[in-house]
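Common to both upcoming complexes is subunit A, partnered first by subunit B, then by subunit C.
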Partner chain A sequence: MTTFKLLPFAFLGVLVALPAPAGAALNVITTTADLEALAREVGGDRIKVESLARGYQDPHFVEAKPSFMIKLHRADLLIAVGRELELGWLPPLITQARNSKIQPGGAGYLDASLTARILDIPTGQITRAMGDVHPSGNPHYWLDPDNGKRIARAIAAKLSEMDSANAAYYKERLADFERRVDAADQGWKAQMAPYRGVKVVTYHRSWSNFADHFGLDVIGYVEPRPGIPPSPSHTIALMKAMREQNVKIIIVEPYFDAKTPNSIARETGAKVLVMPPSVGGLPQASDYIKLFDTDVKMLVDAIKATGAK
Partner chain B sequence: MDLDTLRFLAAPFAASLILTGIHAYLGVHVVERGVIFVDLSLAQIAAFGATVAILMPFSGGDPHAPGIYWVSLLFTFIGAAVFATIRVKRARIPQEAIIGICYAVASAASILAMSKATSESEHLKDMLVGNILAVSWEEVLKTAALYAAVGVFHYVFRKQFLAISMSHGGGEPPGLNVRLWDFLFYASFGFVVTSSVAIAGVLLVFCYLIVPSVAAMLYSEQIGRRLAIGWSMGTIVSALGIFLSVQLDLPTGAAMVCTFGLVLILMALVRPLLVKRTVETR
Partner chain C sequence: MRSAHRPFGVFLTVGMLAAAAAAAGAPLQDPQPSPSPEASPTPPEAPPPAEPPTEVVPPGAGGAGGPSGPLPVYGPSSSKIFNPDIAVIGDFLGAIGKNDSEFATPSLEMHEVEATFQAIVDPYARADFFFVFAPDEVGVEEGFITFTSLPAGLLLKAGKMRASFGKVNQMHNHILPWTDRPLVTQNLLGGEEGVSDAGLSLARLFPNRFLFLEAIAEVYRGESPELFRAPERGDLTFVGRLRGYRDLTESANLDFGGSFARGTSVDEVHGLHTRLIGADLAFRYRPLRRAIYRRLIARTELVWSRRELAAEGPTNGETDAEEGATAARAFGAYASVDYQFARRWFAGARLDRSERADDPSLVDKGASLLLTYWPSEFSQVRAQYRHASYGDGIKANEVLFQFVFSIGAHGAHTF
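Coming up: the complex of A and B.
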């Protein structure tokens, strides 16, 4: 029984020994690694930034850990992807974080989607016949370098508002980032130019913005509805369309099961391309620009290898 | 270091004590009856009810609309009625078979229902299943009050409930309406499980129900002692599991489930030493 009585004290002792936060730098927490990378581009060494989800994790489903609560509690600014991407895990954590600043609508909450160009927003009445619909639009909007710049601008504006002493620094870093993205984007577009209009199938609806920017033609999706296994009729219709249009590439996010895409690839002679949709999804995709370096190279290699059109 | 961490863990720890209190008790019944997976089955039936409710127009597709809880509770009671009925018709078909069938069909039916949802369904499963780390004090207090009521109900009628559970497989206890008491047991049980899963998730609730009871059976035959051992074990494992989850920064629910497993193994290993000693002191 004595161990039992002592337990709370042992518990307390170890917790007190954990390191304390330091410095006056703004404490920024982002939900995804992409937003972390963008915040770092703008904030440089004047902010402390950390992402809750890792780049190889599915941002729809993130298993909450105790450290998340502490990070949210101490955050000056929370940057979220929004558009219901984090709906399954973030809201209860924000509510329980005991931090009034980062509540949605608060001064320390930034929804990065507000200034970005959002695709797939349904117009008019949403009905069941439309199938898979995200009522507030596609939340995978960061996979467009133009949106990357828009998000970075929103972050710079927010940081300058919260930390006006460093506004000039953030402005300069933002300008530098935009210049580098523009330069890199010319290279990416040049690499993709010969393959404009190439037809692909993707697993999830993650690549709409990417396809829009680089001129891919997404003719279908492996999963008819997120999280629901494809029905036989959907898969048969997809394979028929792929054969008719000679689609050679199926893009799959690393966190989805490749069983169904592999069997479709076997049947149709297409190639499954596992491509990271987030910074940190592969070791070489270590920042926002390198993410596109990686994806464009993988895609171009796959197109060359399969002779896709 | 401030007391932030401790403050965050206070509500999850309080919730885990409440779970220990009611589930270690119900676990004794469940293990005696040999219906180990009944909670998974009832939880899945409740989740199916919630999914159906979300599809109905009154909810507006909002998983937190008030009507949803009542629909899922209604489904739970239907499940309880089914389980109470099959016991009376005992004999050839084992009860666990029916429980397993209900689990499989309810799971698959939820998937079918979700495939017909208007808006995206990817978050639905998450929103129906709780995360003990994010439990609020409001939920803790509400759950405590509900479970206290269930506990009083079971205490008042403890003779009837125990008689039925202990006689399972044997002859019918005389002078009892078995079907009625069985239904009351499964209904109150389903009521508790539905609420518990909403704050702690399926795996953790299963552990709170079965592991303390099994661990206690290693050490005692007597109901009272088994309850005391079960409650102590549940409390210690809750504290230890939360502690490990903080120390190693692991997802809290899963860390607690694994702690349950480890402590059970430990208790089984030291059993030969301890049990011999108690025999000697007698």
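Coming up: the complex of A and C.
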């Protein structure tokens, strides 16, 4: 009996003695495809990077699959969006990943929101009557190219800290990425310039940073409150506001049901625009810069087609 | 008795030391940089006194190499930051219809209130507490520490836990896909409480390219109401589980496992044992593009129980010569399907069949239909039509209804 009871101890001893395999490239796991794209811009071929969520998936509602646990187990670095976006699924994965590096506060845990410009931070009393509010601000902050650069800088700093041998490489890639974003942003802003202040409605509060950067005026949301599905009374009030203000564009994330937006569009003469909020949301939005190429083109085309103001 | 007790103390101590050593290894190896006042360029015109008056610099104060600025104030404002995530979950249950069996629930009942406290303990561990307030019970449903920074794919838990036997045994009432627990849980797995005890759980991942594979070994004191009893220290309960998981596509996956448990039976005669073997299988389908609107979960669990009985007890023929006792072998299973057909709506069905652990000749059968509505992520209304035909001849037709509501921290969704 005694030897039997010592077995777990022996088992543990053997397991602890096993050496950890040493990998060459840093193994980076990101929660979303946008962070994956940004990490790839900076890390190039010196890192392996993979996202848990797909770009066409609602990042609030990802399932904590055991296969993700394995990916996190092997990760050197976990990059999360933060601001409680992944609250519903990431914590149990991290706990069970058996990886001390990527625990919150660990050397291999990067909250990408810490250096970004965050909007919609609620003030005053917050209750769940307001829906699924994010008390620390809007987590869809990557939809602003300036924040994209800020996130890339944070990733470059973290990669350089973890892999100092390639620090010069990451610095160069970061500088190149910032140059390309700046150049592209001039083009996007030029395309959007004639339509500054154009009024739109969005399904979820995903586009605050995008609207802020490109000068859209979001007058309302299809959701009555964040995370609460459309209700008839809210939809009627929204249609009234859209008619009064002559709103012609309804932006819908690809993972939401377009039924209510379509009926609003029919009633008000507006156009439903299924626009990807993340890299990979549509096939052509295959990297961070192409995400904005895609969104800006779709938006400009829709504004021209509807004559929205 | 002491010899039986000691190895587990060693086991725990080693586990904790391993956790500390693995996670704190780097800081331990890095010598604390000693404060060097010469490091900063001192202006030459101010020659330092030959022997400056020495003063012990308190650790943590500026200049000692520690954090500078004001020391933390242990007042209400800073202690709140470290408060655990708190949530309170209510589970209100009602029943309409006829049920004269021992399984009947009251017409209206505040079935359970669960208070949860969860936080990270330190860089090496987190802790989770679940307190339950029920009409006939106030207690710790679970309260354990999880060492998250062990090497070699290990995860160690210590405390009171629901044992890793099958799937339903690990679920709290409010996350069940039904208003009740399956008959197999009632008959063979210790009812609502289940296999739930104070103990240690060690789980190891076996990373490989084919599937997720996890092995869990657990040892418990041996006290699970209605199932295991431990009048002596040696009456431990052992639980083992092997869990596999594989993604079939990005939207579909298979989750499967086998479980084992053995402990000392709840019986007037001491030294009789109950052995449980379980198998579980779940298929999930959730299209990623419509993940918030559609999902399907089909699951089944099978349990084989072997319970040693005192010689005078009922028997199904087998006699254990060694113990001078008989053993009752009972089998039970459920199969269920849950389908989400709209953002807030779920439909489900469950079939039950279970023999009774002490008397396998009594077979309880049941069938249920369910409808669930989620006003939001934080509340849920559910109705369940349940038909049951119990082994002692009682038939029941009922509608059970349930309100589950939670306030406080947003908990993570279990998979």
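Quick note on the criterion: the second predicted complex is superposed on the first by the 274 of 309 C-alpha atoms of A that agree within 3 Å, B and C clash if a C-alpha of one lies under 4 Å from a C-alpha of the other, contacts with A are read in each partner's own complex, and residues count from 1 in each chain.
The rule we apply is simple: contacts are C-beta pairs under 8 Å (C-beta built on N, C-alpha and C of every residue); 3 or more make two chains touch, one makes a residue touch a chain.
Predicted, not measured: the structure shown is a model, and the values here were computed from it.
When the two complexes are overlaid on their common chain A, residue A:Leu87 makes contact with subunit B and with subunit C alike. Of the two partner chains, subunit C is the only one touched by A:Gln57; subunit B is not. By the touch criterion stated above, A:Ser100 is placed in contact with subunit C alone, subunit B being left untouched. By the touch criterion defined above, A:Lys259 lies against neither subunit B nor subunit C after alignment on the C-alpha atoms of chain A. Of the two partner chains, subunit B is the only one touched by A:Pro135; subunit C is not. Of the two partner chains placed by superposition, subunit B and subunit C are both touched by A:Ile228. Taken together, the two structures place residues 8, 11-12, 15-16, 18, 20, 61, 63-67, 69-70, 73-74, 84, 87-89, 92, 95-96, 98, 128, 132, 227-229 of subunit A in contact with subunit B in one case and with subunit C in the other. Listed in rising order, the residues of subunit A touching subunit B in the complex are 4, 7-8, 10-12, 14-20, 60-61, 63-70, 73-74, 84, 87-89, 92-93, 95-96, 98, 126-128, 132-135, 225-229, 231.
Those residues of subunit A that touch subunit C in the complex are listed here as 1-2, 5-6, 8-9, 11-13, 15-16, 18, 20, 54, 56-58, 61-67, 69-70, 73-74, 84, 87-92, 94-98, 100, 103-106, 128, 131-132, 227-229, 254-257. Considering their complex, residues 3-4, 7-8, 10-11, 14-15, 18, 22-23, 120, 123-124, 126, 146, 148-155, 202, 204-205, 207, 212, 214, 217, 219, 234, 243, 245-247, 250, 253, 255, 284, 286, 288-293, 343-344, 376-378, 407, 410, 412-415 of subunit C touch subunit A. Note for the complex: subunit B touches subunit A at residues 1-9, 11, 111, 114-116, 118-127, 131, 133-136, 232, 235-236, 239-240, 242-243, 245-247, 249-252, 254.
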